[in-house]
Amino acid sequence: MGEPVIQTDKLTRRFGDFVAVDALTFAVGRGEIFGFLGANGAGKTTAIRMLTGLLTPSTGSASVAGFDLYTESEKVKRNIGYMSQRFSLYDDLTVKENIRFFAGIYGLSDTAIKEKSAKLLKKLDLQHAANARLRSLPLGWKQKLAFSVAILHEPKIVFLDEPTGGVDPVTRRRFWDMIYEASERGITVFVTTHYMDEAEYCDRISIMVDGRVAALDTPEALKRQYRAESMNEVFLHLARAKPEAG
Amino acid sequence: MNSFRGFLRKEFLHIFRDRRTAVILFGMPLIQLLIFGFAIRNEIQDVKLGVYDKSRDAVTRAIISKFASSGYFILSREVHSEREIEEAFSSGSITEVLVFEPDFARRLQRDGRGEVQVITDGSNPNLSRIVSGYTAAVLHDYQESAVPGGGREAGVVAVPLMLFNPELKSVDLFVPGLMALILMLVSALMTSISITREKESGTMEVLLVSSLRPAQIIIGKVVPYFLLSFINVVTIIAVASLVFGVPCRGSLLLLLLESLLFIVTALSLGIFISSVTASQQVAMMIALAGLLLPTILLSGFIFPVASMPLPLRMISNIIPARWYLIIVRGIMLKGAGFSYIWKETLVLVAMSTVLMAASVKKFKIRLQ
Amino acid sequence: MRTILFILQKEFLQIFRNRGMLPIIFVLPFIQLVILSYAATFDVSQVPFHLQDRDRSVTSRRFAEKFTASGYFNLTGTSSSDLQSQSELVRRNADLVLVIPVGFERDLVTTGHAQVQLMINAEDGFSAGVVQTYASEIVTAFNRGELKRLIPGGEVTAAGEISMVPSSWYNPELKYTHYMVPGIIVILVTLIGLFLSGMNVVREREIGTIDQINVTPIKRYQFITGKLLPLWIIGIGELSVGLVIARLLFHVPMLGSYALVYLVAGIYLLVVLGMGLLISTVTETQQQAMFIAWFFMVIFTLLSGLFTSIESMPEWAQRMTMLNPVRHFVDIMRRVMLKGSGIAEIASPLLILTAFAALMLALAVNRYRKVSE
């Protein structure tokens, strides 16, 4: 693990009496692919929303991309990309218009926008659909586009909240190729998922159960620790321990 | 039938889970009724009167003080030139000016005639007309009391008998109108949104492929709002009678039944709107931007339908609120029984049927 | 600044791409303006009336003819008893029943005095008053004209008669359309502005795109400006079309200056759109937003003095209307168009609008949170 780009200390979020995220403490290194695993409702999305500045933490502290989450949230935003499980580009705009819009509000210059759009369309093999409304594209392509848009401004970190929900394994595999590529360019990837096979692709993973980190290590180390064949078994093991914890 | 019951339950949950909307649904109509019931009036008090007295004699002073004590007028300012009148109108500081010619009293004595010029602000024709009516009345009063022989003229005297609303209170007129407006918009808006929302989120497809029949889906959508609107009706009628003292001379039961019918019509309209639109936005804009002004203007709520030009009177026939208004005013103010309003009732029944049938047909087409 | 341009461009694209909305934004308002401006009249004409003539004399017939010939009243039938008259009124077959009692002619000829009764449907108190005024005019005319033929020496000229010479400035024919059109334009511009802005932000929240914007370093004022400006331009456009229709179709005069109208409209739209965006940022669903917008719209409309005069409201309600932006803009539009008021004469409502605009925009920017609590 290199120098940490995300560091949290007892980050907590309550909704009324319910503690969604409980004293989250971890660090993510530069260039890492950090997997954030957990069942539905384990607090993954709440955690990612806090780290991206969409939700105020109740207590605790965190720094993202070297900036304090509370006092320098706008600087944080300049340095992160985000793609949510709710597909969040504009359905009624075309592929090109979406790229242009998001590049524009990240402050890219007109020439940069033109250049990047062309490159991006070529890379995604979407030239023929550049002027098609997003609505008409298959989900897999939309996700790839959303990911590309999220890293268009070359952020230090990209947060992906269940980016591959609802698509077939082949498309998922291709999506992961893009993630690797981004990681090789030095972008730190913070990804939540509930697909255990995807967990194997990560450098390190943390497994959340009921708002707490139940385990955090490389996939290999975790499998060794729990004497499991696959991440799936590790996960089931931790999830079964749940009643005692709760 | 079981799946229908489950569906109905889901609809109720949708409404009551969303506390804010529930508060809005019940609270806002009530607040509106209270504000408007107290605030909207047609009768005019305290008309700001300007006086341009070129004569300044005993008679003009007596007339002016008659105006000041009439209860309708407030002596707002004296003006001394035509220009000043213009300036006063333009800044809105007066509504009417009385202009007395020079030597008013002398001429009245000598020629037996005195002329008062009454200038009103015609940019508001309604106000202008009412105010000159008041002015005529005050002048007439003065004449009767002050000028000898100006009193009882020979000839025919017409004795007016104001029926149904002897005090000419505008509350009695407006409360039924508000009922129509509020029920219409709330019902149409809520149903159209609730259906298009399912369409947008894709859950409508799920319902359509379920064992529910289109008619059941529609009824399930409507029933909760039907009950909500009915509660609103009861509240509104209670407020009308307890707070505003609007009488209900006819049968309360009939009034409630007719109100239920009107709600059905409004809900059917909402369903129809949602069956021809694909997005919430369009449905809302039609229900709000499209219904608000026509319901206020063409229903007879404020402006009498009879005064409108023929094409507009024809258009007003397709405004459900127009018919409901006749019914409500008939029952509440005139004590009309069913035999007097069956035609209007029939129109509402027909409208509901047509709208419902058209919507069911639309939904069926989607199924195929 | 560039950031705002990008939002602007995106908003325009979205508005013009929404096929279903275009006619509602750009056609519906003008259809309403053209049709509804004619509806708002208190003129009473062709009042259906019934005759209950118990006297059945030459004079009573002559008297009744005065009513039918007046143009105000339209004889729709006769009734034979009070009971029947009442029921005709309930059925709306008549709004006036003229009851001429037995002995009408005899009384008039022998004593010079006679009474008739006007049964008026006073459901609508205002119209009832007008009906009564018309009827009195007819009776007075009858007394002046016919009486001397009936009774020798019956003509009456009271000594010292005060006559009233009415005249109406700014709108001598008392044309209702001149009065209504400027106001209805205001309402339509407000409707479209308030509803579109009210739906705007909350819609992005419902779809989820708002998060994607909130993780960017965009500034709050940039976001609000980018959202507001397209709707502002649309609002100004709608106003312009409305003014053209007012001019060409309704021949509403424009005694003041167009520049002033646009200046006020520009500020006014900021109030409306600021308020819409404020509603939109504090609500969770489009449904809620629309309901709140509707609530204010109805209150603003009915308390704007557009349909019923502010002057006739009770004191507290009149004071309350000072908080109603629609009231001020309707007032200004009418004054500038019909009376030629200049900026000095409309200074105080204009100042109020400016204060509202500042307040609404500040609130909208302030309430829009990139971070949820």
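Which chain is which? They are A, B and C, in the order written, and residues in each are numbered from 1.
Keep in mind that, in the parts below, a contact is a pair of C-beta atoms (placed from the backbone, for glycine too) under 8 Å apart; a residue touches a chain by one contact, two chains touch by 3 or more.
Chains and their UniProt names: A = ABC transporter related; B = Transport permease protein; C = ABC-2.
Just so you know, these numbers come straight off a predicted model, no measurement behind them.
Note: the chain lying farthest from chain C (ABC-2) is A, by mean C-alpha position.
Looking at B-C and A-C side by side, the one with more C-beta contacts is B-C.
Centroid to centroid, with C-alpha atoms defining each point, chain A (ABC transporter related) and chain C (ABC-2) lie 55 Å apart. Computed centre separation for the pair chain B (Transport permease protein)/chain C (ABC-2) is 11 angstrom, with centres defined by C-alpha atoms.
Looking at chain C (ABC-2), one finds that residues 18 touch two or more other chains. Taken in their complex, chain C (ABC-2) has these residues touching chain A (ABC transporter related): 2-3, 5-7, 9-10, 13-14, 17-18, 207-209, 211-218, 370-373.
Against chain B (Transport permease protein), the residues of chain C (ABC-2) that register as touching in their complex are 18, 20-21, 24-25, 28-29, 32, 35-36, 38-48, 63, 86-87, 89-92, 95, 108, 112-130, 132-133, 135-136, 139, 142-143, 147, 151, 154, 156-176, 178-179, 184, 187-188, 191-192, 195, 199, 203, 283-288, 290-295, 297-299, 301-303, 307-309, 311-314, 317, 320, 331, 334-335, 338-341, 345. Against chain C (ABC-2), the residues of chain B (Transport permease protein) that register as touching in their complex are 18, 20-21, 24-25, 28, 31-32, 35-36, 38-48, 63, 85-86, 89-92, 95, 108-109, 112-130, 132-133, 135-136, 139, 142-143, 147-151, 153-170, 172-173, 181, 185, 189-190, 193-194, 197, 277-282, 284-286, 288-290, 292-294, 296-298, 302-304, 306-309, 312, 315-316, 326, 329-330, 333-336, 340. Those residues of chain A (ABC transporter related) whose C-beta lies close enough to touch chain C (ABC-2) in the complex are 49, 52-56, 73-75, 77-78, 80-82, 84, 86-93, 97, 100-102, 104-107, 159.
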